[in-house]
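In the two complexes that follow, chain A is the common piece, with chain B as its partner first and chain C second.
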Partner chain A sequence: MQGNSSRRGSVASLAAGSGSALPALLLVGLFFIVPVVALLLRSVTDPEPGLQNYAALFGSGTYVRVFLNTFLVAAVVTAVTILVAFPVAWMLAIMPPAFGSVVFGIIILSMWTNLLTRTYAWMVLLQRTGVINRTLMGLGIIQEPLPLINNLTGVTIGMVYIMLPFMILPLVGTLRAIDPMTLRAAALCGASPFQAFRRILLPLSLPGIAAGGLMVFVMSLGYFVTPALLGGTSNMMLAEMIAQTVRSLLNWGLGSAAAFVLLVITMALYALQLRLVGARRTGGGA
Partner chain B sequence: MKLILTGLLAGLLAATAARADEMVFTSWGGTTQEAQTKSWAAPFEASSGIKVLQDGPTDYGKLKAMVDAKNVTWDVVDVEMDFAIKAAKDGLLEPIDFTVVPKADLDPRFSNDHAVGSFYYSFVLAWNKGAVSGEPASWADMFDTKKFPGKRTFYKWSAPGVIEIALLADGVPADKLYPLDLDRAFKKLDTIKSDIVWWGGGAESQQLVASGEAAFGQLWNGRVFALQQDGTDVGVSWNQNLTAADVLVVPKGAKNKDNAMKFLATATSPTGQAKFAEASGYAPINTKAKGEMPAEVVKGLPDAHVDGQINLDMNYWAEHRDEIATRWYAWQTK
Partner chain C sequence: MLLDYDRLGWLRAALVGFTAAVAAFLLLPVVFIVLLSFGSSRWLAFPPPGWTLKWYEQLFADSTWIDAALTSARIAAMAAVLAVVIGLFASFALVRGEFRGRQLLRGLLLTPMVLPVVVFAIAIYAFFLRIGLAGTTIGFVIAHTILALPFAIIPITAALEGFDKSIEDAAIVCGASPLQARLRITLPSIRIGIFSAAIFSFLASWDEVVVAIFMASPTLQTLPVKIWGSLRADLSPVVAAASSLLVGLTLCLMIVTALLRRKLSR
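Up next, the complex of A and B:
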């Protein structure tokens, strides 16, 4: 009896807790679940019931290529973002707080600027007649303009720039939670700076890297504006391909199928991440 | 309760959408839609008292979704003619009410039961004189990377134009273009693929050429006209210019259909067409319009360059739209 009543108590408190979450759940249900279900339905009913859209999707060399390319771009962007973000996050973590908040402000500020504006700014910088190429040619470092735009380089630069805050923020949290004394202890035990990084700092910051990396990867998978403006057609990403399928071919069924497959893959990745890293994260500060 | 709410909501929606004194016009934005607003919407508002709300850009997927969902918020839409032919076949368009829209003077090439011409244009070869040495004279020059090195720009989407250009450059005579030999066209395009920067919209094509990013390419003549008006030093070759048309359509189930038909009458009138041509550099689809235009403007229009002009075959494209697009995107993403 006693156990039963205590369980009822916890159920009651759970219900009370979920009550306050109701508005959020409603919002997600209304604006996420319902459209996704509609998307799924459309992919198996348009133009007629059946799996023909999925057959067309996987049977089309174009779509398969665009899928692979989308993952390639997302992976490259994630890797570069981690490499760039780590030193920044580390610097932020060990900086005096007053200084740190200024740098933090600068990073956050970039997120407040319109995405399209920032992407256009990169076009101005990166194009053949742009600032970077003109400067390098003026200095005599290069003779021909470097191909920095309408290719993978352009997409990577533009997207890494946009993704950086999403990597830096979780990383700083993790790095701040690491006791600096552990590094000093490593040094006292004779570890070189690289060894200390490799064997102490890196493993301890892994949860932050994983959390930020996943966020960046997943966001990159669905990106539209930046790849469309800074990339070329030979590395077209899925979002743009779907837009074309719907807009120009009026093929809502195929477009829906492609979007749904991307969603399933993304969720699978998330589940995998939870299994691999979730358990280890329990003690982390991030 | 739920029923009442739904009813209320539907009533509200209907009340806001179908006001007798307004309608929505959708076009492609940029300098073209500005000219349409100035030449058609403004005088129409003044004479009829019907307010014309501007929306855009035109999006065929959206148009279909609206018709499918029976919630059509666009009343008149500017679309490409090959799309209009296909959309009419698919039942997406209202028939034009020719008791309201006078038909007699409309160029029959660009009007049918479900569409009236908006304007017609040519794809021309344009180049930035400051950034290109020499004068490209034909489409073949755009495929000659030795004579004209550097990036060149073409229209990004699967649409009448680029395939024909490739075939012409490869030596196909103008009267033998159709049916299109896609294999041959893509093989020709392969030879310059890495030198192509694609433009997705008119403003982008202007920016690419004006900045010298891609110093020459295939542009809509109206966009070249606008660049020249702005004082950019742009050369243009009308050799084998390719005509195509935009048409105005009324999506099936448009909420302000009657207003839409009245608007079409104004837009296709000699005066409306003359004003638009003057503002945009695109050619009028009303045969009487030229009488109302300054001779200077008439000289710069596509129909002053009929020598060697080629009409892109809209019916062929309407029929093979999907098949060509599939090949197009497969090639482009390779």
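Up next, the complex of A and C:
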């Protein structure tokens, strides 16, 4: 690809090329890598060297419950998000642009609106005397207000709301990349719409679903704001527990250990997601 | 026929209906909060018994809200400028560089976007406590620049990858210095990427809550920290007024973005 003349200059371009990344590297190295590594060291040195923080973390029923609840919430949120996002992405991929752009506009508006604003709206909507409960009672569907907030239901509604754009937007890309002819062929060969969906559309969009789903799962695992405001004390999630351990209890050792666990899980899943996306790209190119 | 909008048959009605319902779901909280901010009920009854502007009056009469908004704007503007400039330089290295570990570097610079914010928040908080930057504007700006950097690098590298370097080379052949060529040819060509980077990094800082909660001091708090504090105390309609203004800002930003994109891509 490269001619001889540019190869001669490659030593210089190598230095110049990497050099302009230096400010970013310094910034991230000094104020990201160093603090995070220092935090992780703290988990095995604070208050004294040893693994006692991890022993406390995994030995206590309270903390194990927090872990299990975190995974439960992330899994429920991911499943609901996929189920809701898929039909929407499907329509957006094939809809006439005039209608589609309105839906896109709404998605972007909701995505760009301040996170706390959205969560606040759900707090008001879902509370005992909120609009949803009042409407349902007014219609005579329920007699007593439903417990919609400070529990798993509240967290799920609030989180799905936030995660939907992150699932819909990439899925639209995946679905648009599928050749409609494959489905026409299926129909010509006598496949019913259901068969065509199950045997062709779904398998072809599975890489996109998996990549998006994994991203939503990873983001949900470490989410702080929405679970803290819409969830209850009995189903606390990991991020809130970490913040509380450090801020209120000033137990830096335990908080750091929990942060390290969250970091390892997140990074492992992220690596998996990168492989999925990478595999899809190579698959598409071949 | 599942990917042919005109031949979906009965499925189309169902799917369009579902899509409309989801769009309504996405729009509901935004519209609701704006309506509520004009409602006269202290307890956020809906539909409101009457309409009023008093929550906005209370909001603007309270200098802590104004201060918080100004602090947020100042920090977000500084973080966005830093993130875009540093990200621009880094993007040249990531796209054009031919050094070993380029992919690794890219991964490293994008990590702050993936790592749960709460982990970074307590890490940088502990670090800043030690070096005396906790609760300072500089500390805020540094932490938010790190979080904003991936949002600057992604659109700029994407724009740079789509730009044909031979145009820049042609300028150099015609006598421009490499710096001139970059400033007058390359930068204008990737301006949409740079513009997106500026918007996204500004929003990354402007909306950031978790680091801000840790970094804030009684004298230095951003708008999200102020809202967070109010939400923990009670669900005052003043928060609805503040939120509605934020929704208005988002709408303005969307319109400006759409207009500028149209203008720039011409």
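General remarks:
Keep in mind that, in the parts below, the second predicted complex is superposed on the first by the 238 of 286 C-alpha atoms of A that agree within 3 Å, B and C clash if a C-alpha of one lies under 4 Å from a C-alpha of the other, contacts with A are read in each partner's own complex, and residues count from 1 in each chain.
To be clear about the criterion, a residue touches a chain if its C-beta (ideal position, glycine included) is under 8 Å from a C-beta of that chain, and two chains touch if they have at least 3 such contacts.
Since we're looking at a predicted model, the values are computed, not measured.
In this superposed model built on chain A, chain B and chain C take up the same space, so to speak, and clash. When the two structures are aligned on the shared chain, A:Gly222 is found in touch with chain C, with no touch to chain B. When both complexes are overlaid on chain A, the residue A:Arg65 reaches chain B alone and has no touch with chain C.
Contacts of A:Leu250 after superposition on the shared chain: chain B is touched, whereas chain C is not.
Touched residues of chain A were counted for both chain B and chain C, and C has more of them.
By the touch criterion stated above, A:Pro49 is placed in contact with neither chain B nor chain C. Contact with chain B, but none with chain C, is seen for A:Thr233 once the two complexes are overlaid on the shared chain. Of the two partner chains placed by the overlay, only chain B lies in contact with A:Arg128; chain C stays clear of it. Within the superposed three-chain model, A:Gly190 lies out of touch with both chain B and chain C [touch as defined at top]. Once the two complexes are overlaid on the shared chain, A:Gly140 sits clear of chain B and of chain C alike. When the two complexes are overlaid on their common chain A, residue A:Asn150 makes contact with chain B while staying clear of chain C.
When the two complexes are laid over each other on chain A, chain A has residues 127, 129, 243, 246-247, 252, 255 in contact with both chain B and chain C. Residues of chain B that touch chain A in their complex: 59-62, 64-65, 68, 90, 151, 156-158, 197-198, 200, 211-213, 321-322, 325-326, 329-330, 332-334.
On the chain A side of its complex with chain B, the touching residues are 60-62, 65-66, 69, 127-129, 150, 228, 232-234, 236, 241, 243-244, 246-252, 255. For chain C in complex with chain A, the residues that touch the partner chain are 1-5, 9, 11, 15-16, 18-19, 22-23, 25-30, 32-33, 36, 43-46, 86-87, 89-90, 92-94, 96-99, 102, 105, 108-109, 111-112, 114-127, 142-143, 145-146, 149, 153, 203, 206-207, 209-210, 213-214, 224, 227-228, 231, 235, 239-240, 243, 246-247, 250-251, 253-254. Taken together, the chain A residues at the contact with chain C in this complex read 10, 13-14, 17-25, 27-28, 31-36, 38-39, 42, 84, 87-88, 90-96, 102-103, 105-110, 112-125, 127, 129-131, 134, 161, 164-165, 175, 178, 180, 183-184, 187, 193, 196-197, 200-201, 218, 221-225, 229, 239, 242-243, 246-247, 252, 255-256, 259, 262-263, 266-267, 270.
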